[in-house]
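Both complexes below contain chain A, partnered by chain B and then by chain C.
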Partner chain A sequence: MITEIHIGISSLAEKIAEKLSEGYGLMCMYANEKGATERSIRTLLRKDSDIITFFTVIEGDSYGAISPAVPQVRPYEREMHEMSGLIPEGLTEKFGPQRLQWAYKDAYPLQKAPLPEERIFHPMPDNRMEGDGVFEIPVGPVHAGIIEPGHFRFSVAGEPILKVRTHFGYTYRGIEKLMEGRSDSDRTRLIERVSGDTAVANALAYAHAMEGDTEVPERARYLRTIFAELERIYCHFGDISGIAQDTGFSVPAVFGAGIKEKILRLNEIVGGHRFLMGTIVPGGVRRDISDDSLKAIQNRILKISFDIEELVGMMEGSSFLMDRVETTGILSHQDALTYRALGPAARASGVKTDVRKELPYDAYGDVGFRVFTRDKGDVYSRMLVKAGEIVESTSIINQCLDRIRPGPLRAEVTPSEGLGLGIVEAPRGELVHSAEIFNGDIWRYRIRDPSFINWLALERALPGNIVADFPLINKSFNLSYSGNDL
Partner chain B sequence: MYQKSLKNLVSDAKPVEPYDIMESKRLSMPSPDSGCNCCGKCVKACSGKAISIKDDVWSIDLGKCVFCRDCYELCEHMQEEDAPHYALRREDLVFKAGEKKDVEGRLPKEKVRAVRGSVAIRELDTGSCNACESEANAMGNKYYDMERFGIKVTPSPRHADALLVTGPMTRNMLVAAQKTYNAVPDDKLVIACGTCAISGGLFVKGDVIGEGVNDTLPVDLYIVGCPPTPNGMVVSLIKALGLRH
Partner chain C sequence: MMSLVVSALQALFLMAIAPLITGLVKKFKAYMQHRRGASIFQPYWDLAKLLRKDETVSESASVLFRAIPFICMATMTLLAFMVPVFYASILAPYGDIITLVYLFTLYRFCMVLGGLEGGSVFGGMGSSREMMMSVLIEPALLLSLMSLCVLSNNGIDISEIPRLLIDMGVAAFCPALLLAAASFAITLVAENARIPFDNPATHLELTMVHEGMLLEYSGRGLAQMEYSSELRLTIFMAMLGSMFFPWGISVTLEPLDLLIGFAAIFAKLVFFAFVLAVLESSISKSRLFKTPNLLTASFVLALLAIISLYIL
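Right, the complex of A and B next:
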């Protein structure tokens, strides 16, 4: 249920703080351009299935800063400043670049007017900590493994990390701007490439944002659920095998990577693409899958519950691996709540949050499953949460396979005017797509990947650990750089 | 359980795929049959602007294709053809209707002087969506097992013979990419891996530099796919560099 409230800028901070104290979580915040809408700020808050949006019209480009009163707003305020050119007044420090290291002169990327050619280099802000024996270690953007680019600054005294700052933007391609003025199939192709291993979740969120009140056929809803869970399974297998890899324990690492490959091959058989790109479209799914494919999924799913048991058993059986993962990279329950950590990272810290349960979409309302939580918040807990989720996912797929019936696959979609929201549980956590639609075209499209929030949680989990444990902790969160940068 | 797992893993039944099977698994590219009357429906629907019709000649640029299969659903005349794994020149990736050509050549000797039986590659992400990274990681799993052909991923560009570049070369990554390129010792190869790296793909109008990596770094090898399959990457490296298989 979405409640839209129009309020003035002067009472916005107060209202957000009031809702947060009532137990609402801040999902997203972004600015609109003048034109089809007023120059405005949209705030999205959610408590279970209850969604509130604040629509705040502002005069000119500047407004009284909200983040001094409500610290949770800070990353969004920084984003609005950089991407939409809003100037928060009354902040003591200046925002550093979040995505744009090459800023425009007197212009911002999401403006409707043509962008100037001239660019100004914005250096990263210094993160120097001073004191006896305090060193700074810069890492990245080109890392040692095969991973995405990002820059980290570690301030260390000896081995333990004192403070970490993350600097991103290296994969900034301007997707939100590219979404405007495109055809529907172009947008679907684009949205699947926001983050390659979250292709299904992104396409699903986009579909939900576009569908509005459209009734999706039953078979399509079940197929979507199966695809989304297949994606979750291969992502989590990759993560657990990566944790084994980063501790140097090759046997489970190879074993886990092998199972991930098996699921990717299964994806190719059932969806025609190893990452299931091009399977989900607004209104339903693109292609039907045959009974043979359903049988193939069932056979693979049966084996997966044994595979995950074996993989985790292998890892738990090794005392040196347990030494590395237990009590490493603890994200405390309080931090997880304050920063509103999402997905497996939050669930490992004892926060019971799962969009599939709170706001059931597609077939999740019809199937039974358990939200898996742990309360220690260390690497081991995150590993166990992911392992537990794999088992739950196999159960969800099994229930879907039992209930799926032949039927139509795609409904005609008439995009709703105004706000279109897509909220899904991606493998990394709550993914929010918000579209401002006017006359059938997108005026503003905002993607809030779970990584956007969880990178901040990761910064909180690192201090106190040794530098050598950073890859391990990073892998246990397994956040997306391209989803963060867009 | 640990003992049992070890026994399962270290067994005679190897899951590794023979080279021939890896070579034969190809992506499919569209090619219209003789019934095509150049109506232009597929040109309009193509998300990557890969299909074009000029003077009644239909052609597809595999460097721009995102393999979304939209065109098959539109037109009954569209047939599936085997796509090449790679090409050595950008213009070789443009295929006319029904055209069959072998573009999978071998790099000239003076280019591959540093490669003698094995190659060390350094992966460089210049803004990809992490699907290419996932597939590059998969090259090392037990099915493709790239190390049996002498392909190795090094952590440092200073030990690398080749740069495997993915992504459309974002503005923010340009300096880092050039520094990485300069850090690789001479006789280096640059491999553009995936549609984004070859032509900029869907992001060519976004905040990226030029059309693909070729505008900033000299590319020697183009690996086709969005993302390329792991077997495609391994086979491309083997065939183009003349590794033993």
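Right, the complex of A and C next:
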């Protein structure tokens, strides 16, 4: 249920604040270019299944800053500033680069005119903490392990962390711009590569954004649900074994990684790709899954709920490990609400949020499952929430396998005009794709990965912990760098 | 004369098998993780590879940075000559317990300086953490060796300890020995940067202690530092095997006795490598600020060992 409201820029801040106080959550904000539509700001708010969007036309490139009145808007305002060249007026602090350290001179990446060659260096702001015995620790973007690039600045007093600033943009590929003016098959391929381990969720969100009112065939809806849950299972297994790995607890780490690998191999048999790329297309699924493959899923799924129990049991059996994960990296319930943390990170802090329940898509309305929450908000809670979700995912897959019937796989899609929204629960939380479609072409495509918000939540969870625990806390959130950078 | 040759041989033996012991620990750990693992000779190939490589030195580093690998290796080599292995005598007879402990400390001190020399944050963090631990390792190590001296009714001469313990027969198997050995075993794990104190296999620069100090080293310097720490592990194991539990060690120069001594120490080293691998596989790294608790436990065990000698 989408309600579109046109309001002026002067009352936007007030309206957003009003809706937030009514219990709505700010899903996304982005700017449109002039041309097919007006130069405007699109605001998306959601309360369970009720979606409100504000469409605000603005004159010129500047507007009165919203974030002083509504702090939640800040990351979006920063994004609009850098990517769409909108200048918020009345801010005391200048925005540092969010993605581009080498900015364009008098131009911005999403403009419709060709971009100039010339680049200017736009350094990260050096807002460090000062004081006796306070040190700066720069970490990254090149890390010692094989992980994505990201730069972290720690202000520490000895071991305890006082403040952390994250600097990203090293995997910026300009995906949002690349989405414009392309064929549907190109876009499907591109969107699956936004973030490697969120391929299904991204493809699904893209499909939903394109489908509009199209009725997706029943078999396709069930297959999509199975794929999405398989992705969630392998992601969560990777995360839990990663927690064991980062505490140096090698046996459960290898055990968990082994199960993840088995699921990836199952994916390859079932969908033809280890990360299930190329399975979901707007209108349905690309190809059918044979009964043998469905049987293979069923056999594997049977064992997984025992495997996760064994893995968590191994980890809980170690007092050393429990000592490390309990009370470490606490994201308070209040912070989770203030920053609107998403996905398992929010659920571990006692926020009961899950798009699959609130806004059921595909087959989620037909199956029963439980939303797992814990209230401590520490590394252990996040681990338990993920473990619980694996069990629920196996149950969802089983229910889908029971109900799935032969039938058509793909419906003809007529892209809707105007706003197309795709909101799905990715393994890391609510993923929003928003497309502005005019004459069947994409004018503006905005991807809001859950990591975009959860990185801020992570920054809040760190102060007070010691530097040596950062990798563990980071792993328990396990956020995507490329999803954030786009 | 023959005694000197055998003593020298046993030090060379230690130096030769040091990488093998590390390779064994890694192999055992791999088996625990259901992996095939690299060959047990891999540490030798790694050292050979590093020796062939160029060295990169940070611009902020002074001459000390290049000198430290030599100092570290020299210290460890000297220490190899100071512990009995399969023959109850050593080539450096003037070395006593105090020298032994403080040579280890010298080694650690140099490594800490080397960590700071590179000018990188991780080296500095590793160094500061190492110093925090070393403050607690040092007294525990000293005290556990001291209790061994008191037990064997010996001065602080190292070479006499195995012989005296063997002469004591079953009487040597008293609570004091076991307590001291337990204390020493904890310092072995801590001093050699193994789990739960440090993770030798970690890739996380923010959690590193020992590896953090070596981050800036490359090529030959790294080979020297790596070899020194491999040798350190082997020396510690040899000390546990030939000083705390010397049974099997040869007290004469008879070829048969020497052969038995050789087989005994080799079996002990392999056994210790296995135990270390089991330990490292069955627990996770502890919280950094909880490591002092473990080290204090080690100190208390050593203290109890000494007290028990006087009250029992």
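Everything that follows uses one rule, which is that the second predicted complex is superposed on the first by the 486 of 486 C-alpha atoms of A that agree within 3 Å, B and C clash if a C-alpha of one lies under 4 Å from a C-alpha of the other, contacts with A are read in each partner's own complex, and residues count from 1 in each chain.
In this section, a residue touches a chain if its C-beta (ideal position, glycine included) is under 8 Å from a C-beta of that chain, and two chains touch if they have at least 3 such contacts.
Being a predicted model, the structure only gives us computed values, none of them experimental.
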| item | value |
| --- | --- |
| Touched partner set for A:145, first chain B, second chain C, both or neither | both |
| Partner chain(s) touched by A:246 [first = chain B, second = chain C, both, neither] | second |
| In the superposition, chain B vs chain C on chain A residues touched | B |
| Touching partner for A:258 - first (chain B), second (chain C), both, neither | both |
| Chain B versus chain C as contact partner of A:177, first or second or both or neither | first |
| Chain B versus chain C as contact partner of A:467, first or second or both or neither | second |
| Contacts of A:321 with chain B and chain C, given as first, second, both or neither | second |
| Touched partner set for A:199, first chain B, second chain C, both or neither | first |
| Contacts of A:275 with chain B and chain C, given as first, second, both or neither | first |
| Which superposed partner A:129 touches (first chain B, second chain C, both, neither) | neither |
| Interface residues of chain A shared between complexes with chain B and chain C | 144-146, 251, 254, 258, 318 |
| Complex interface listing, chain B residues touching chain A | 1-2, 5-6, 9, 15, 45, 47-48, 66-70, 123-138, 140-143, 153, 155-157, 167-168, 170-173, 176, 180, 201-203, 205-208, 227, 229 |
| Chain A - residues contacting chain B, complex | 99-102, 109, 119, 141-142, 144-149, 169-175, 177-178, 185-186, 189-190, 193-197, 199, 238, 251, 254-255, 257-258, 260-261, 264, 272-275, 277-278, 310, 313-314, 317-318, 480-482 |
| Residue numbers on chain C that touch chain A, as the complex places them | 29, 32-35, 121, 125, 128-129, 195-196, 199, 201-207, 215, 280-290 |
| Touching residues (chain side chain A, partner chain C) in the complex | 135, 137-139, 143-146, 158-159, 244, 246-251, 253-254, 258, 318, 320-321, 323-324, 466-471 |
